[in-house]
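Take a look at the structure below.
Chains: A, B, C and D, in written order; residue numbering restarts at 1 for each.
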Amino acid sequence: MGSTMIKVGIVGGTGYTGVELLGLLAMHPQAALQVITSRADAGTPVSQMFPSLRGVVDLSFTHPDEAQLEKCDLVFFATPNGIAMQQVRALLDAGVKVIDLAADFRLQDIAEWEKWYSMSHVCPDLVAEAVYGLPEVNRAHIKTARLVANPGCYPTAVQLGFIPLLEAGMIESDNLIADAKSGVSGAGRKAEVSFLFSEAADNFKAYGVAGHRHLPEIKQGLARAQGKPVGLTFVPHLTPMIRGIHATLYGRLARDANLADLQALFERRYASEPFVDVMPAGSHPETRSVRGANKCRIAVHRPQGGDVVVVLSVIDNLVKGAAGQAVQNMNIMFGLPEDTALNSVPLLP
Amino acid sequence: MGSTMIKVGIVGGTGYTGVELLGLLAMHPQAALQVITSRADAGTPVSQMFPSLRGVVDLSFTHPDEAQLEKCDLVFFATPNGIAMQQVRALLDAGVKVIDLAADFRLQDIAEWEKWYSMSHVCPDLVAEAVYGLPEVNRAHIKTARLVANPGCYPTAVQLGFIPLLEAGMIESDNLIADAKSGVSGAGRKAEVSFLFSEAADNFKAYGVAGHRHLPEIKQGLARAQGKPVGLTFVPHLTPMIRGIHATLYGRLARDANLADLQALFERRYASEPFVDVMPAGSHPETRSVRGANKCRIAVHRPQGGDVVVVLSVIDNLVKGAAGQAVQNMNIMFGLPEDTALNSVPLLP
Amino acid sequence: MGSTMIKVGIVGGTGYTGVELLGLLAMHPQAALQVITSRADAGTPVSQMFPSLRGVVDLSFTHPDEAQLEKCDLVFFATPNGIAMQQVRALLDAGVKVIDLAADFRLQDIAEWEKWYSMSHVCPDLVAEAVYGLPEVNRAHIKTARLVANPGCYPTAVQLGFIPLLEAGMIESDNLIADAKSGVSGAGRKAEVSFLFSEAADNFKAYGVAGHRHLPEIKQGLARAQGKPVGLTFVPHLTPMIRGIHATLYGRLARDANLADLQALFERRYASEPFVDVMPAGSHPETRSVRGANKCRIAVHRPQGGDVVVVLSVIDNLVKGAAGQAVQNMNIMFGLPEDTALNSVPLLP
Amino acid sequence: MGSTMIKVGIVGGTGYTGVELLGLLAMHPQAALQVITSRADAGTPVSQMFPSLRGVVDLSFTHPDEAQLEKCDLVFFATPNGIAMQQVRALLDAGVKVIDLAADFRLQDIAEWEKWYSMSHVCPDLVAEAVYGLPEVNRAHIKTARLVANPGCYPTAVQLGFIPLLEAGMIESDNLIADAKSGVSGAGRKAEVSFLFSEAADNFKAYGVAGHRHLPEIKQGLARAQGKPVGLTFVPHLTPMIRGIHATLYGRLARDANLADLQALFERRYASEPFVDVMPAGSHPETRSVRGANKCRIAVHRPQGGDVVVVLSVIDNLVKGAAGQAVQNMNIMFGLPEDTALNSVPLLP
């Protein structure tokens, strides 16, 4: 382990985001995974819980009390919401950088956060400092950040699809619609009847139509792009696949533009983005085309030559929608090539 | 076989619509299946092609030339588009009633039909006579029809969801959005790479965003409800399940109405419909709740109390979206109780 | 409700066996469902838990203390193991017949039962009285039984496949192999991580190789057929589908017999069985060919003309492997036509 | 591209084995992919057919007549059976090494090959020269081979599971049973009704029980391990997942051995194998634990302490069962570290 290695810790990590992060870090030539904590599974070898990691990760889970996270250069929180905010200040004070994969630092509006997450926030000042870790928007700030709020999965897919249009003032921003479909892994590795195979397979449903926690996060990001608040209807759905998000986005043209103009707009916006692939106009990106990869593929449509723009945006919710984006942020924060450990080929079929 | 039995023939029937129709008719106490034709599989026992029908259907496929369909009381066409229109006139002339499960008689605008289906129509006069077989809209006309155009699967789900709102002038009709998701059986039993298990499983994608044949059919139906043409964006998606359509419908309120008003509107509209189930406001109907059943379940939402109405509408594409609706039409045409043979319990899980 | 109606109660019924039983009984012309109990969900309408039963079942769950089960003619237990044995004596004493869908009365060897189920049995005398409810073996006894032990799902598929060979002394009985594969609904509607969609989809594994509770049940049944104890290796597997069991059975010929002889043996054995379908020799029955139906399809093979017989046996684990078989037993116990309410067509695709 | 790069060509490559090989070679630091041929798709960019390879593979398919394969150092055949044998001699004569992923060179018994593959073999002498590319058995010969016959998917999983037992004479070899289950990608990317999503999903079936082409290949390999012909019953099944093979293997102990002995035997046999993972005795390896990885995981059982040994062996059919093993063979043939480009982490969930 050379002197250039980044000492990394993970808090939590028995969920799907955790196992994905473990796999990515194991292949990362500059990351030295020091510790991964779990209260419930302390002492259990990681590879016993996840046999896919046999021969890949040799660590056992460590009890949080013995983790010595302050000796790390970087700590990832792959925990339920409300955990990271309890521990981040001490780590930052010890000079440790932090990337939170949960939602504790995503919303700048504390009251809004407290409403959606039903708890009091314990460190609003750190929210103000935290950088929202969507590199395609915030790369410069991420570079110097101590604390990065890794975006949610839906918000990543939806923002990347809408941002070029909003930044260019191309669509009316008072009536945006995001109809999004997620694989079941987005619900995490929790024992709940609704997510049993026999409930979720061969079945399709919407959920949270009245309101989903990712709604304010998306609206915050779109407002930033638009320069003012937007009107958004966001309907998430559960689709019987493991990984993947497909966002189908609808907006009404605010001014004249043909499909070629729209296509050029997207291509320019993402010309130098390594992890956003603007497909030819009229394409239909498939979620499997990004399965296991840190990639967002986008295609723009203007059906029937009308005034509605349809954008299709796909990601792997566990990679570009979670762990991969977190590693991308780490690479930026530590001055590494942004694609380090992030070039794996999507698994197809 | 009593004197009250309806002598039924099926043209085509080696596809998914066909096997569903066979199963329904086999359980129908008033239907006597006389003949089922197939050019390619003439002589093959039906139950050899579909072992699920062993002990249920004893017929073999008959070559079209030997089918003697004119001896039937009713003939179903479960054929590709463009077949029924070749044969219907002779059958009608022989006093046989016809239900076409394909698209030949669905669009009243012949030019529009010819554009979307890329063929010349051979009997426009019969299109004019044909009744669009959506019982919830056309029951009286179906009762006396000689020729019924059975609706498409997407059109059934989308129309049933929008119609109450449009008939009441409740939403703006110039910018309707129908984001629809279909199981793979909607693509039929055709050997195509795109619909292989290894292509379609664990994958989600949109298709036909530029234009899908069901778009003009839906627009025709919605215009009828609204009393004038509507603006509609229709995006179909393929979701990795076998059966089911989930339509997520978006419209903007044209006048003040709270969720209870909207709910009451739907309940009134479908109060006496045996096959439309208006769920409590705020519900999330699942496709599996109608799997194998001739049922459309609908729920209405008004997210965040805003001015967008979201309607969720689910059907089984092979039943209420095809064969079940065809049998429902048959029951109406022959004066039988409308639910004869259509009361099977949805298969869950 | 006529005087010939059978008053039926269900204890438990919030699981998959329960919902299947509810659907079957709702369609049963001689069954009047009086009560369904659930401690945890008392007061909840059945159709709220299972929206597929909206308009089909109007009951709410009743607290066990208020169930008045003794007023029923028949009570089904669709409970976890160990519940029925607590309550059966009182019901029998009150003149109520009982069908237990769990395992409490399946094993005649009490010590063996207590070993596998890790509890003391509270009514061994009733075990002695109980009739093992596999109609193809025990029809006469079921007819007069007060208490029927409904077979397990694996035991049904495996026994029906092996019994003709063993009864005829056709295969060596000291080294039978049953390699069985089950859909995930066999694990029930319990919130466990292993059965989450994201764990069980796109995955295949064996489980319980060291010993599974259905092993002694199968051995008991095969010993009865053979007339002496058998040697059996039983390996269950979990396969990513909702319903269905496929048992692949291997035995070595004990005497000369060609494939036609074997086929004739199976056809004779099941000639008058309404729910066992012996397919042509060399067939490959699919689980979906019995999806939703009370049917076992069987095919016999003799690969390469060698001395190994391979039998393929498929059932729907929730129907012929549970609720359907229970209704079949009810029909026999009450002198009804055995197929009453059991003729639904398998759902394919 | 440095002087140490291996110039690689692929013949065929529009199937699943092809796309997997493309992905692996794209990540291989010593491989320079020169050409990939396809008669039907000449001129089409690879990434148009497989959008997952956008940004990964820049080549277009080349017509075979223009491929100049003789300029390569190594050519992979990812073609249907019977193609490679037509072209291999010319390539070998030109000094090009060849790895055939199809079956043309797998069986040493030409008559047997011709029986199972229904064609005449055009170069029996090259079959004699060809090395069967199972590194765990043939590493030394592969190192110096000009022509490697890459094993089939079932044969890889079954052989690796049985070989330690047979080499040690631990089980009776006259009555082996291999009950194997494959994901649907094993059937290739061919448009056939049987492999449509709506046919293969939520369904399980055996196939080819009378005889499957992999039977003679497996028997050849097991005979080599045993030192004499073996008796084997091989039953393949289709399971509704995309990737993965699970082989459940049964043998009868030929001499006394407890589970620890058996475990030690497996661990010794594979101690230095980088791609065979012997799990703790009594484990249940899951196919997803090797999804996307060049790994075989094995666990040994002795149920109930009886005389039957059960071995569970899982691979990804497209990786260790095809393309990954081919790259492993390439690494051996060219003196590279055997795991070059083969260390990707399995995709779980």
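Definition applied: a contact is a pair of C-beta atoms (placed from the backbone, for glycine too) under 8 Å apart; a residue touches a chain by one contact, two chains touch by 3 or more.
Keep in mind it's a predicted model, so treat the numbers as computed, not measured.
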State which chains count as neighbours of chain B and simultaneously of chain C.
A, D
Most remote chain, CA-based centroid, reference being chain B
D
Rounding to the nearest 5 degrees, give the angle of the rotation that lays the CA atoms of chain B over those of chain D.
180
Chain B against chain A, contact positions shared by both copies (same if over half, else different):
same
If you average the CA atoms of chain A and of chain C, how far apart do the two points sit, in angstrom?
45
State, to the nearest whole Å, the distance from the C-alpha centre of chain C to the C-alpha centre of chain D.
39
Where does chain D touch two or more other chains at once, residue-wise?
16, 183, 185, 189, 198-199, 201-202, 240-243, 285-286, 288, 291, 349
Under the touch definition given earlier, write down the residues of chain A that touch chain B in their complex.
175, 177, 179, 181, 183, 198-199, 201-207, 209-211, 215, 231, 233-235, 237, 239-244, 246, 248, 250, 252, 282, 284-288, 291, 301, 303-304, 306, 308, 310, 312, 314, 349
Quick check: in the complex, which residue numbers of chain D touch chain A?
16, 19, 23, 26-27, 50-56, 185, 189, 201-202, 242-243, 277, 279, 283, 285-286, 288-293, 297, 318, 343-349
Chain D residues touching chain B - in the complex, by the definition given at the top:
16, 183-185, 187, 189-193, 195-202, 240-242
